[in-house]
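Shared chain: subunit A. Partners: subunit B in the first complex, subunit C in the second.
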Partner chain A sequence: MRAYLPAYDALTPDSLDHALELLDTHPEEYVPFAGGTDLMVLLDWGKLPRKKYLNIWNLSELKGIQEDESFISLGGLTTYTEIQASEVLQKEFPNLCQAARWSGAWAIQNRGTLGGNIANASPAADSSPALLSYGAELEIVSRSGVRRLPYSEFHTGYKEMRLEKNEIIRAILLPRSSVENCHHYYRKVGTRKAQAISKVCLAAFVKWEGNKIKECRIALGSVAPTVIRCPKSEEILTGKTLSRELKEEAKATLGQEISPIDDVRSTKDYRLEIAVNIFDEFLDELGGCKEG
Partner chain B sequence: MKKVDIFFTINGVKKTVSAHPMKRLLDLLREELELTGTKEGCGEGECGACSVFVEGKLVNSCLIPSLQVQGCEVKTIEGVADGEQLHRVQESFLKEGGAQCGICTPGMIMAAIALLEENSEPSYEEIQEGLAGNLCRCTGYTKIFTSVVKACQK
Partner chain C sequence: MRWIGKDVPRKEGKDKVTGASRYIDDITFPDMLYGVTVRSETSRGILQRTVFEEGIPWEEFTQVTCKDIPGNNYVALIETDQPYLADGKINHPLEAVLLLAHPDKYLLQEARRKVSLEVDPLPPVYDIEESLNQKEIVWGKDNVFKEYLLEKGDIDQVWEKADHIIEGEYKTGAQEQLYIETNGIVAVANPEEGVTVWGSLQCPYYVHKALMALFDLPADKIRVIQTTTGGGFGGKEEYPSMIAGHAALLAWKSGKPVKLIYDRLEDLAATTKRHPSLTRHKMALSSEGKILGMEIDFVLDGGAYATLSSVVLSRGTIHAAGPYLCENVRVRARVVATNTPPHGAFRGFGAPQSIFALERHLDKAALQLNLSKEELRRRNFIQEGQLTATGQVINEKVSLADLMTKAMEKSDFQKKKEQFHSENKKNKYIKRGIGLSSFFHGAGFTGSGEAYLESMLGMEATKEGKIRILSASTEIGQGTNTIFSQIAAEALGIEYDLIEISVPDTALVPNSGPTVASRTCMIVGKLVESAAIQVKEILRQSGFLASTYSSSEFSKACQSYLDKFSQLRVFSKYKQPTNIKWDDQTYRGDAYGAYAWAVYVAEIKIDLRTYETTVEDFVALQEVGKVIHPTLAAGQIEGGVAQGIGYGLYEKVVWDKGQMINNQMTNYIMPTSADIGKIRVFFEEAPYAHGPAGAKGIGELPLDGVAPAISSAIENAIGLDIPEIPVTPETLHEYWVSRKVNS
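Let's turn to the complex of A and B:
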């Protein structure tokens, strides 16, 4: 059933400060509204909460990709199209570009934003595992100032997150390091390449030191109430040289770390099997790098 | 909440329309401006039937509230031809049988034009990816892809 429009209100704030002031003084009333690719679907279903929507789409303070020595900073309103087109992201953070390319299709990628994908907090979000694989941080702004938070600490439960009603995600920060001796992996499994919401999604990043894995981050979507890192599997691999035994141990551990469910898109059993299979593919790729 | 005035440019013509700010651009076009060439398929951004350009970018008009086109330039399928002269993509869809029932066609053509503006010589795979957000339940896609291939050769 379509929404009853007169029950809604929407306005465009003049600036980020104006938006933050409205959110601060009326936290129960106003909700930020960016590209609309999630919220408008709820509107169509008649399930969008009856609130006042703050159209932040045009706020220049939340746009653009900046770089300095330590971080690439993506404004909260950075679209999937902008992510794919960024040369520095293609070079240093290819998992994120791949995630952007496989989220929705062109028309969605022109409107969907990274900040919106994070705040929508879907456990099946495609950009989130990529961000986790790179140890991203969030810059969150409110009227009282700016705070930084590792993205891995942001999602606390299904659709629950450390974002107050008077706050907006201003930027997503990707820590830079040398691009040498790195291996990136991103794979999404869904019913079709475009548009489909993932059944399972895995993003991983490895930094080598000689034949040893110096640094390792593994993240998955659609296998738990939130997108997750797999710290136990990471720990098994870190500091080690790859061997058949190590791979088997890591795969068994990963299977224990995830807790997929049956839902409309897939089953628990399928997700578990596929998650371990694509992890195996990632380990094989790693082996191909260092086992000759 | 009452209606607000939305000022924007539609197919090159400046308009002011009184509408609820959360009214979908799709409904604004079809109900207020009589631009019924843009179709509604799924209404949730999966099928691409309602594709239009906003500020030169391909979007799903079912996912855009009217408030977000304030001051923008919007182009629909009605604005693609130059008077009586069809766009080469439209010509090609006609000639190659790229349309059957016609519901997906306006969106397909908008997506194909967006692709060709970005990449004038797309490979077959790039055409498939460029149209991946547009569903057709009649053609089996082959004739649609052929239409785009032929449009590139014009």
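Let's turn to the complex of A and C:
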């Protein structure tokens, strides 16, 4: 523990309203603390900003998985363990369950939350590509009210996002549609099989209409300053029938849409090729559905 | 046998499982201070000034620099080049410059951040090539800590007779020991009582010797006590002498007990790792696949100070020619200086490096000669009565050929090879392969090392009628306490529960030597056995013990003896078996009392989409003399194989300016249980005359053969001969791409 503990303070608010009030009246002073699985690492390294931390772990307003006709709503505090256990998510949003299963290991899965994963804004966050592949939306609250935002518009730069200091991610909304004619793909290339940070992570979702791709979303982690969607590659595939040429064109495009870097975990060259390779695997799987 | 070969419960198992064991961080004293180390960031330079920034009540802190050292400012080990605290010169990043102590451990961390060191940089040397080329002279006259020349026959006349001459170059990286418990010491020190330290450590008497020199105090004024230790793997062989000195200096100056514990970041960045290596092989072979000659140039990166590097080099040198008969050998071995924290002891101790190079080179030769990897080795295995590279006559019943046959059977080698070959053709991305290695590992100190050590072990009867073993050999998770108790119980013919083990405390136990070099079971275990025989003899001769007896009769005999004579204590001292001869000058003779022999087979899967290699099945077959405790022994091998998988595939130290920059477990990729696949362990037992109940050493052996077997399997899977480890996905990718480009 390298941190200077007396420089920190923590407080448990009584309710979401109380939390929002504190955030609003003391901007820059209070910071939400959910599972703490990102924050505690910084604390251990002596790099956690010296703030007052709001323990939101017990706020019931941020918990639970709810469903209605058009959305599954996941409270910001939904843990990886809860995600894996949810039948409706397994059935309709398997990429997210897979992401949860491959995040950390049991202890982290019990404590780590979806809201924390999003707000921590790591380009290597594993749930984010899965959420992007399903066109998720965020429900963000502050004292002045609630706003909705497509998740794809949330991250704006490395560790930069559309979240004000007085706001909390209340819920993550996954739009539902029929489960027929869908193909889901999720692959994490981590440094090892568990307790691993992604070197590349790809999540994709396709909806077929006949043998045409009606809808397509492709998202990647660890290949840019933020997790990203790949709109150009998506566009190439959308409305088309899969062919060898189309696959090659999509792969070439995807290679252009990403901008990985060298870091302590991997290299730019490796990431670039692996991203395209697992995209190729996804396309092969797609082909397997419709061609063969 | 009643106890040997049985899976008795671990001696300290209950205390560990129930949390009763006290590790170093559990030890506290009233009034205790915490200590931290202020370290240099620069890799080489002259220290100009230490700046204490404002905002910290500096007067509350105990501060220690090299000026405060009462005795000698060096870590007494082999050379005297490594200072406890830098005296003006900085030779590596993270070198200790200043020590601070304070009752508030958090304020201490804050204070550490508020000290900055102004250093005039000097040009550094960061790797083996730069050091060999003498880009800068950073140590001694020529950057070379130690050089050995090992010669057998006449290598120079062999090349013209050879049908094949094969050359190759091999590299291995640094590896971190990653014991679960980080390094730590608690010290009490003052001029009246002398110096006492408690610590997580492997070698109490190494620390003892180092503290005597540091404080210039006689032996009886220094006391070193090992606390329950959460793993060592060599990482707590020499480094605890450094931390113990630091904690003791702070305690000495402050007059208060001081606790100094490294967190993981500091432990990873500042303490020792396995030596990186560079090996060049030139091998002469006949057309029948007989090795006619080996010329080996073996170089280790020692880091900034000599520490144990010469001894690590020695073991690496002796193992460099492997368990093969070759009449003409020359090994030129050097360990050189670089401006990185010193590399040090790690399970295998130089052998994993030189064995990796040799085994990979043999695979290369096999391919070139169009022989199977198995067959080439079979044609060259050393046999009983033949001479090793140092001229040692093998007088064990060794049958590597039998081990090879069994390993082939257990792994289903031929069938798998054919099956993978045909499956790989069909599958574009998933490629499987199978590979092997054959090797040996000498147990105990090299050459005359054991004779010099003169290890001593004590045994005494207690008032309760039990037997207590007095030894400095430490339990570090590997099972020392358990096997010593088994050996003693067996030799005494009494219950296992009647044996106690004394805490390794230099005030209570004699020096049975360091807990290293696969020597604890074979060498010290033998001392346990002979001490037990002495105890039994004394009790018999005293008339208290009949020729046959039960455990309770034995206990009574002890108590009666104590009533009459008040003490029953014996010591047994190591005597080199008379047939062991070694010449330090010529580097010839009996390098080790005994060897463990092994053939390992790795089965791997490569995903050519991600270039990830995964071990799917691993067969570890070895002959280790008598197995004392099957579960512990299998655990040692499994753990060693897991560590070897890390060494071969995952664990890469990322260096920047001589400093490890991936010093977190997040980024230093040790494999988890999910990564290591199935490990199947098999033992062959050929009892060794001079080991307890016939046992040899096994601790280091498994580290030697894993990485080469995996690399061999990678070659088998995709035909790519990668001459370096670790083979991370990035490394495999790089070689794959450059092969595509070249062909």
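Convention: the second predicted complex is superposed on the first by the 291 of 292 C-alpha atoms of A that agree within 3 Å, B and C clash if a C-alpha of one lies under 4 Å from a C-alpha of the other, contacts with A are read in each partner's own complex, and residues count from 1 in each chain.
Note that a contact is a pair of C-beta atoms (placed from the backbone, for glycine too) under 8 Å apart; a residue touches a chain by one contact, two chains touch by 3 or more.
What you see is a predicted model, and the numbers here were worked out from it, not measured in a lab.
J.: Using the superposition on chain A described above, determine whether A:Glu153 touches subunit B (first), subunit C (second), both, or neither.
T.: neither
J.: After superposition on the shared chain, which partner residues are touched by A:Asp14: those of subunit B (first), subunit C (second), both, or neither?
T.: In the superposition, A:Asp14 contacts neither subunit B nor subunit C.
J.: Could you tell me if A:Glu29 is touching subunit B, subunit C, both of them or neither one (first, second, both, neither)?
T.: neither
J.: Between subunit B (first) and subunit C (second), which does A:Met1 come into contact with in this model arrangement: first, second, both, or neither?
T.: After superposition on chain A, A:Met1 lies in contact with subunit C alone.
J.: Looking at the overlay, what does A:Tyr53 touch: subunit B (first), subunit C (second), both, or neither?
T.: A:Tyr53 contacts subunit B only, not subunit C.
J.: What is the contact status of A:Glu164 with respect to subunit B (first) and subunit C (second): first, second, both, or neither?
T.: So A:Glu164 meets neither subunit B nor subunit C here.
J.: With both complexes superposed on chain A, which partner does A:Glu209 reach: first (subunit B), second (subunit C), both or neither?
T.: In the superposed model, A:Glu209 contacts neither subunit B nor subunit C.
J.: Once the structures are superposed on A, label A:Ile197 by its partner contacts, choosing first (subunit B), second (subunit C), both or neither.
T.: Touch status of A:Ile197: second partner only.
J.: Subunit A residues touched by both subunit B and subunit C?
T.: 3, 5-6, 41, 44-45, 105, 192-195
J.: Within the complex, which stretch of subunit C touches subunit A?
T.: Where subunit C meets subunit A, its residues are 105-107, 109-110, 113, 263, 265, 429, 609-612, 650, 654, 661-662, 664-667, 669, 671-672, 674-675, 729-730, 733-734, 737.
J.: Hey, which residues of subunit A end up touching subunit C in the complex?
T.: Result: residues 1-6, 41, 44-46, 105, 189, 191-197, 199, 264-267, 269-270, 273-274, 277-278, 280-281 of subunit A touch subunit C.
J.: With touch defined as at the start, can you tell me which subunit A residues reach subunit B in the complex?
T.: 3, 5-6, 8-12, 33, 35-37, 40-41, 43-45, 53, 55, 57, 81, 104-108, 110-111, 192-195
J.: Going by the contact rule set out above, which residues of subunit B touch subunit A in the complex?
T.: Within the complex, subunit B contacts subunit A at residues 1, 20-24, 43-46, 48, 51, 57-60, 62-65, 67-68, 70, 111, 114-115, 129-130, 132-134.
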